[in-house]
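See structure below.
A, B, C, D, E, F, G and H label the chains in the order they appear, each numbered from 1.
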Amino acid sequence: MAEKHPRVLILMGSDSDYEVMKGTAKVLAEFDIPFEMTVSSAHRSPERTEKIAKEAAGRGVQVIVAGAGHAAHLAGVLAATTPLPVLGVPIPSSDLSGLDSLLATVQMPGGVPVGTLGIGSAGAKNAGMFAVRMLALGDADLAQRLADKLKSMASGVEDAANRLSERLKTDFPPAL
Amino acid sequence: MAEKHPRVLILMGSDSDYEVMKGTAKVLAEFDIPFEMTVSSAHRSPERTEKIAKEAAGRGVQVIVAGAGHAAHLAGVLAATTPLPVLGVPIPSSDLSGLDSLLATVQMPGGVPVGTLGIGSAGAKNAGMFAVRMLALGDADLAQRLADKLKSMASGVEDAANRLSERLKTDFPPAL
Amino acid sequence: MAEKHPRVLILMGSDSDYEVMKGTAKVLAEFDIPFEMTVSSAHRSPERTEKIAKEAAGRGVQVIVAGAGHAAHLAGVLAATTPLPVLGVPIPSSDLSGLDSLLATVQMPGGVPVGTLGIGSAGAKNAGMFAVRMLALGDADLAQRLADKLKSMASGVEDAANRLSERLKTDFPPAL
Amino acid sequence: MAEKHPRVLILMGSDSDYEVMKGTAKVLAEFDIPFEMTVSSAHRSPERTEKIAKEAAGRGVQVIVAGAGHAAHLAGVLAATTPLPVLGVPIPSSDLSGLDSLLATVQMPGGVPVGTLGIGSAGAKNAGMFAVRMLALGDADLAQRLADKLKSMASGVEDAANRLSERLKTDFPPAL
Amino acid sequence: MAEKHPRVLILMGSDSDYEVMKGTAKVLAEFDIPFEMTVSSAHRSPERTEKIAKEAAGRGVQVIVAGAGHAAHLAGVLAATTPLPVLGVPIPSSDLSGLDSLLATVQMPGGVPVGTLGIGSAGAKNAGMFAVRMLALGDADLAQRLADKLKSMASGVEDAANRLSERLKTDFPPAL
Amino acid sequence: MAEKHPRVLILMGSDSDYEVMKGTAKVLAEFDIPFEMTVSSAHRSPERTEKIAKEAAGRGVQVIVAGAGHAAHLAGVLAATTPLPVLGVPIPSSDLSGLDSLLATVQMPGGVPVGTLGIGSAGAKNAGMFAVRMLALGDADLAQRLADKLKSMASGVEDAANRLSERLKTDFPPAL
Amino acid sequence: MAEKHPRVLILMGSDSDYEVMKGTAKVLAEFDIPFEMTVSSAHRSPERTEKIAKEAAGRGVQVIVAGAGHAAHLAGVLAATTPLPVLGVPIPSSDLSGLDSLLATVQMPGGVPVGTLGIGSAGAKNAGMFAVRMLALGDADLAQRLADKLKSMASGVEDAANRLSERLKTDFPPAL
Amino acid sequence: MAEKHPRVLILMGSDSDYEVMKGTAKVLAEFDIPFEMTVSSAHRSPERTEKIAKEAAGRGVQVIVAGAGHAAHLAGVLAATTPLPVLGVPIPSSDLSGLDSLLATVQMPGGVPVGTLGIGSAGAKNAGMFAVRMLALGDADLAQRLADKLKSMASGVEDAANRLSERLKTDFPPAL
């Protein structure tokens, strides 16, 4: 994704987080939002992380999404270094099922915010959706596609309801 | 705060949440960002909440901040109704110290994001700071003031270090 | 289950919740209580959810059972919209094993109640049993069948005790 | 409250739970629903508890509300003894802030349901509101008063919004 | 295990708990302590449970071990009915990994004690070991066998150390 | 309490635990059971703790009760050193409200049991009650006093019910 | 404490953490170990933190102790920047009683260790004690003083036992 | 690993902990630090554990690493017996995923410190890394190899970034 002008920068602490964080990328790709995605660890490569954070705004990045597990400091460290809005996705990679990464991401002290999404896949998808909502503020075309998406989610629910309706005919036949 | 053109809308589920949510307002006031602040409950006044959410974008609101306690549904319900970005502040009003409101705010299913800040006062302040970061994306003057603020936080730490230094002279005198 | 006159309405936030929520339907089917079961999300299809909730009482529904995972708002949103009693079943679909959906369902602020059952399958079954208890209040025949069921549960325990007794003969033979 | 024909029976494990459980009684009194309220412990007076549970249905009781703290077994023991619907209110009387009583109340095994409300005061109030919703099913007058109550909750939110509005004029004066 | 004179009575809430509770029986069998093991649920068969509890002391039972999952009330209900010492084993059968059954077993209100062991297999084994310690108080022969067992546990550790030592020769050869 | 022949030995990790552990002593005093109570820490005075544990059985002690906070190892260390039954009382002295001491006390690995009571005051009282139940096994007189106590608990509940009844006359007068 | 050659560097994220972190300093002062203590935040003053971390080893610092609350990143950020051993003290400054800061400090991903002590005052004291143990490895005089300290802790327990013994004479007089 | 002069002693409570604790050994082997690794349980072999702890310093051991699960007392018991610094690794061997062993290891009362690493594999690796940091304080060659390792971790992150970059070309081709 060597986009020349990425609007969203997706960072993850380890490439083992990719299966989860791909969810953010999929949403952005669906909305044709240029993004860049790479690996950098708050702990194992602090200088790389600092460099990426400091250069992001100058490269036109408007939002940073950071996914990390365990004592997830990545989003917080980025928020301490860049004035850009930073979204955090807690990855459930430790034995504590993401409770540790959630608290380490969301419980930031006053002054340095991380907009935190849910643990794991749902959170990664929602980081993409939150970025879309932000970018749609000044982009009428994107706003329209977002509105369409919201409608399609609603009709997706109706489709699911119809599928369930069929299934119920078998599981609980009318003559019950 | 009957701002004619609020850019940020702050909602809280109960006026007992005001002492916490005032922290968001203070940050916005400090940055001269027009905001509106009111009470609406996802549960006790769902129609009012829906109306406010539906009208927000048309009134020029760019971000909604929602603070709620217990099974905090307010931010999620707003995010389901408006395409605007919604920030959630979990309020520690129940016996569970905000763990319930944190999980009820942040663990949104995929598709409908709430950018969640920390529990209580730190989170309320950070909701304001996150809104400032978002709005500074397209506002060079605000971006400058945000940069100044970040610098002042760093120098505030140095001031605290100096204060501590004085205190240590008493508590642990050199001749120890 | 296109029952013309459903007495119980079972809603779930996603059709992936069906495997759990089927447990509620099975109990109702066992007691010949007409029910309707469909999918509607508090977040992805709020208007559909609102419509279903508003129409329920008029259609003769007497109890609503709502199953949802993650930040489970479905039961609470329904309880905010309909005067009918609403039962909530927390679904363990996120990484937090249902602790999030339990707290998001049960910790409702004062005024808008959700009668919450346990997490997952046991809770889904018990939502059905609670509905039966409610409906049996004014239905002597149903009350009789409920009494029979309670007796059969007790004799089921005795059967289990007998099965265990046989097994113990092998695992811990008398000559021990 | 020696009501001759109580429709709701409120039990609590200890009279120290009364300050919380009074919330249930207040709601019922507000709706003119005859209730009876007494103390009985699942552990310290099991025979009294069993007797009360067995006689309840015959006395015309339609719902039982049980509040208990610590390893709160009261609601579950009642549900095992009576076919009436049982509502549980977890009391935060131990060092664990009600997490223990919540789990001990809500996590009932399949077959014996307890409709559980939130921890403490909000839960006690909601037990009353849930009872009202149940009893309103076959009582048009009560249904009307419930509908009025729901409206008054919504207008109560508007009152709170107005009070906040006044307060904001002082805290964040227009000239901000 | 229709022992005529069981000294230990092992109860479990469901026969699905047997795989865990077998651990208690194994310890007792190893020490030649006569025991009885059966199924009875605090919720599904309260009368059977009460009968068993009331008759236990008269039959010569000296300790009762109760294993149960979810909102585990079995041990507490037994302790409320019999003056015998009751040991509780929390079974991890729900989605909450036994945290619910642990709290529902151990957090008994003052007056009615349950001596609680750990969650699952370790706890079941330890319930047996605790019973042995109790019964050894007045039984010199059993006390001797308990002392031998404690020694064999210590030598078992040395055996494990030797096995590990061998394994290390392969995994971390001396020439490292 | 320099009892010459203590039957119960109460240990606590710090004298700051005395206010809680006094509850155990009160129960034993009420039943005229000779006990000894002292301070010894698993961590700060391991040799003293070991000495006390090793000598206990020889001095006629039949049960040890250990109260400790934080990472409460005291009960486990005692159980590893003496063949006597050891009861553990988790003290809520750290910031985690006793969850740490509960888990550190109850989750013993298989082989070395600690019969654990609830956190804090209720647990301390119950440690005394459990000791009484154990000692009553071979002591008809004590068994009788235990039976009386259980009855008095039940009548205590009736007294509480009567007190509540009076109070309700004021709070919810008949003419409601 | 402007020690010219500090061997231990104590950092805290905010001067409001001083009351807790003073416990580390007291231990070091007691052992005559030169230390330096200052404020620096991982989030509000990242450059200052980085500078301090990078210069520490060159100034002769041998251990860094970092105390921080909320999503406590300070210890982890230091460990990512310096090769010195870093000890972390979780401060219970948020609504979650230090569970957040504990997990954010201890759950470091593999490669970058933080030796974590307990939450709050006990942890702060123990950070000092751990530093003493480390520094005593190559310092026979310090090792002797550490050995004396360990003995004095044991005799402190005996003093506490004696104090308790006196108190028991009043609370539980011999004639009991 | 019968090293004649081990500098690090790795203990584990059970040989089933070896798969996790091997991570500590691998790090030490990588840095050519002589270590010894064996099994000893705080509970099942307290005398063996005491003997090992008391002899460690005299044998030249400079750090002890202790891995244990459940109510993990091993590290604390060692720290109570030896003046050496003790590192603890919580093993997730119980149903509670290591939350029990974490709290039982880290929440030591003031005076007796355990430097605790994260739960499971990451923690075991980090115990090795922390030991290396400690031993490198007085060992210039080891310090150099530690510095090289830290660099290689940073370049490892860049390698991961490159691998991800390749993968993105497939998953999100440029023409998106």
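Going forward, a residue touches a chain if its C-beta (ideal position, glycine included) is under 8 Å from a C-beta of that chain, and two chains touch if they have at least 3 such contacts.
Quick caveat: nothing in here was measured; it's all calculated off a predicted structure.
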item: Repeat of the B-G interface, chosen from A-G, D-F or C-D (over half of contact pairs identical by residue number); value: D-F
item: Intercentroid distance (Cα basis), chain H paired with chain G, Å; value: 20
item: For chain D paired with chain E, centre-to-centre distance based on mean C-alpha positions, whole Å; value: 36
item: Inter-centroid spacing, chain F versus chain C (mean Cα positions, whole Å); value: 40
item: Rounded Å distance between chain E and chain H, as computed from the means of their C-alpha atoms; value: 33
item: Sequence positions of chain F contacting 2 or more other chains; value: 14, 41, 44, 70-71, 94, 96-97, 99, 106-109, 111-112, 118-119, 122, 153
item: Touch relationships between chains, expressed as pairs; value: A-B, A-C, A-G, A-H, B-C, B-D, B-G, C-D, C-E, D-E, D-F, E-F, E-H, F-G, F-H, G-H
item: In the complex, chain A residues that touch chain C; value: 92, 97-99, 118-120, 122, 153-154, 156-158, 160-161, 163-165, 167-168, 171-172, 174, 176
item: Chain F residues touching chain G - in the complex, by the definition given at the top; value: 1-2, 14-15, 18, 22, 25, 29, 32, 37-41, 44-45, 47-48, 70-71, 94-97
item: Interfacial residue positions of chain C with respect to chain B in the complex; value: 13-14, 41-44, 46, 50, 69-71, 73, 76-77, 79-81, 94, 96, 99-101, 103-109, 111-112
item: Residues on chain H engaged by chain G in the complex (per definition of touch); value: 23, 62, 83-85, 87, 102, 106-119, 121-123, 125-127, 129-130, 133-134, 136-138, 143, 146-147, 150, 153
